[in-house]
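Okay, structure first, notes after.
Here the chain labels run A, B, C and D in written order, and each chain numbers its own residues starting at 1.
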């Protein structure tokens, strides 16, 4: 009765050639990079994957190519979040046909659903899903939190297997973790913000869906393992490094897009994949790219001098 | 050099048989009902039309059937708002093929774009559009306002023909109206909230995209005309009636969905079309429907005793 | 049974010598300036008066000197908004002793009260008040709106005489106006944002508590009268001028403080009173003052060329 | 160079006889209760102390009686948060005269200050303060966060000795902790929400300003010590107990006031002090009190069966 999803499951960025063309080679390199780093799974088509900015055709293509490149070495989770239940169900179908392991859905995000409406939405979605479902709490972008009542209800549904929480609200995380420990010991509780990976795993969380693990997968895997094993000193040290990464990489741009821009920009600078972004965003221009490059170099040199 | 869109352009509800099936007969009856009421245009696939909750296939079908049923008697505007530029462009293509007059787009609504990113999004969208574009300001649901700078930029693009403002912020509306009067006398400034139709038209606005005009089109058309002609006493009287409608119809349910639920429920009770709603919403159950019915009757009887 | 407060009741800025010293001469000049402009009352110690930034001692002094300088020529309203009911009651006592006409209170603004708690707060405050009370709806700064239920309850209390609404939400204003017309024809409904003065008075509002009337009292008085008398063309013209004033004066600074800073700065440039501000704000520095000066000159010259 | 404030510093509730009368005996019992529980300090006149709801006279009385009752056994911190710098300075004076150890101030909370304005506010406040200052980050109620830049600036001022963070945003806490470890190893970083005490102390935080420590001081002190000493298993166990307390006590009421109401209610039920609250709040009525009593009993019995 241990949770199926534990450890680091990076929310994969989507390498693009242009706004409607997948960069298949970039995707393959990125996947190898992460698997070599020891990740426990791959989550495609989440927020970091810019899923809502991609056409539905392209989303299906991402699902197919991700599963093909992963070749069963780790589980693949596919994001199916959409404002339309019908579209979500179709994406789930495509995910299953591609060989994915599970699907991930947050609340429909145009109309802010009341909690009973949100529960009903999930209830209507479930019979359409050929794969297990992980809930994805992302109130900053969906306007809606999965309430304790709705999560409690979800724990009664076997086909729902966990919760990824990107709220940044650790009180919420603690409460949901507590609920799961009482009612669904097989549920996975994964945290979104990488700055909170150490804290949550120390207190019983099962891992992280952390964007930075696209770039430095091994660092995040190491941190997870040290925290899981209760090695406090190493946990603190590695957690400081993760903080340093997020401060360096995610703060170059001025808008909310700075995080994904910085991540894709760093992946481009380290040769993993290109930094093309789907509208409404675009990659950094020369000046910001230079800042990012310099920061990456400083990260690298401080890492080499670390114990 | 007068604005092309003036008067009442109802944001049409989408009559549904089930969550992925259009109620074509209901749609036709609804369109006849509104055209008989004197509306100046029809806006399909907006917020009131539940567009984000519909599959893209169904959205295209709505565009086709709306244009077919309208038969050129009034202009048809088609909402193409989406989080993906590629999907928006495809919807615009479908709208043009259906014979629509213009398309309407708000900001992409998952990632909150910074203002320069928003401008760029519209800039990249424009060459993909076979029809003129009306902007749609809806910050409560898209998280983003079209800033004065972006609207000013848009006024320099001939293919952008106006702004529908659903912010409820009349200071904003006034400023945009002022800007248009100086720079684009052919721009249409239409207001979303029907409770503000009187005020905005008295002060120079060009009309309303008001949900209640699905139900009582003539009332809204009359109010628009009286306000446009400066008949203050009649404007006040009719505006009170519109207020009474919105208080009666939109306040039965408990969540944000109460407005569309109430509107569809009232259309069902008056025999225009069914009240099926796409997830995450559903129609009123018996108790709420009874309340709504009683309120509709009271509205009707107070209307008959009015001057 | 007409409302006691009608027309323009400027929310007076508080002329200061330093952060705890009233500029009595400036105050007197400002009051003469406004009374000469035809205002119907003076509201001291509101938001524009920086009341929450002043010591309680200084607030009492403002009340005393305002009443003394006004000499009964128009009613004086004194803001008593505070987080502590006891302090509000003491301010009301001081206001009565100074000879004020009424007091004005918004919601306590540290803890956001639930609506029943808000009603109860007002209920407990009432017996402590030696003067009639006007409610002041200012949700942007108090976090709390006076709900329809609480306003409805307030209409049953004779000692509550009206509502000043600074929410900027004209739908709310309309609904409260409607309620008052049915239940308390003697209630005053005054609007805060000057950009909405024309609209609200055309539709039955009783006047404005508009910051710009510190500076150009006659302009606001004229606009009020034209709108009240239903002269649409003059109303539109003067309303455009008010818009031009607010765009010129309130948009120089970068923070929320820009409005009061701009207003005090313009009063200093026109010689009415100094521009010292209580912390956390301070007056414009040279650069911003130069921008403001140039804008004031442009306003002046465009006004002279107007009909 | 270790931080002066470490461990549990409860934000003391203010026992009241009525809205302007201190319950001195209750205060004394409460202080003994907390000191016996091993707390490291006492913070009077914070949010939990309902400070903004009390008259300034009463706030000074609280400062005096708290210092008198504590008799130097632990440091006393006095909240001086106010919207008026002059009032804050006077409270600080009273705190010093009472023999307090430090004062605590959050941002002025009516006008939301821009960050440069906030820095300047603190800069102007400092010379008025006879005691060291601890900053208090409480954006939910003050609308404003102390930005990284302002906190960085504050670290250069010797008279500022730490930060109490009640934002609930652990990413913020981590970043401020990191900054302090580089620049001010003597700064205290204390966390507000008790549900996050374990996590923050495990990762290097210095303690908690936790409301529940009014009620069960020893539990919070034990948790702090176990976390500080890196005893993970005990930390997890005690942290679960703290979670159980907060779920039981803070969730009876319906509004934001539920937390303080629950805390005061529980203190009354356990005989420590009365539950009178200053407006806009009031104590629980019979029904809610019964729920709270039953929950307290359940807490007690589950505690006795715990290891």
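To be clear about the criterion, a residue touches a chain if its C-beta (ideal position, glycine included) is under 8 Å from a C-beta of that chain, and two chains touch if they have at least 3 such contacts.
A quick note: this is a predicted structure, and the numbers were derived from the prediction, not measured.
Under the contact definition, chain B and chain D share the contacting chains A, C.
Across the assembly, the mean Cα position most removed from that of chain C is the one of A.
With centres taken as mean Cα positions, chain C sits 35 Å from chain B.
Centre-to-centre, using mean CA coordinates, chain A is 50 Å away from chain C. Chain D has no residue in contact with two or more other chains. Interchain contacts close the chains into one ring where each touches exactly two others, per the touch definition above.
Chain pairs that touch, as defined above: A-B, A-D, B-C, C-D. Residue ranges of chain B in contact with chain C, taken from their complex: 168-171, 174-175, 178, 193, 195-196, 198-200, 202-204, 230, 232, 236, 239-240, 243, 247. Per the touch definition, chain D reaches chain C in the complex via residues 19-20, 47, 50, 52-56, 58, 83-87, 90, 107-114, 116-118, 120-121, 124-125, 141, 254-257, 278-282.
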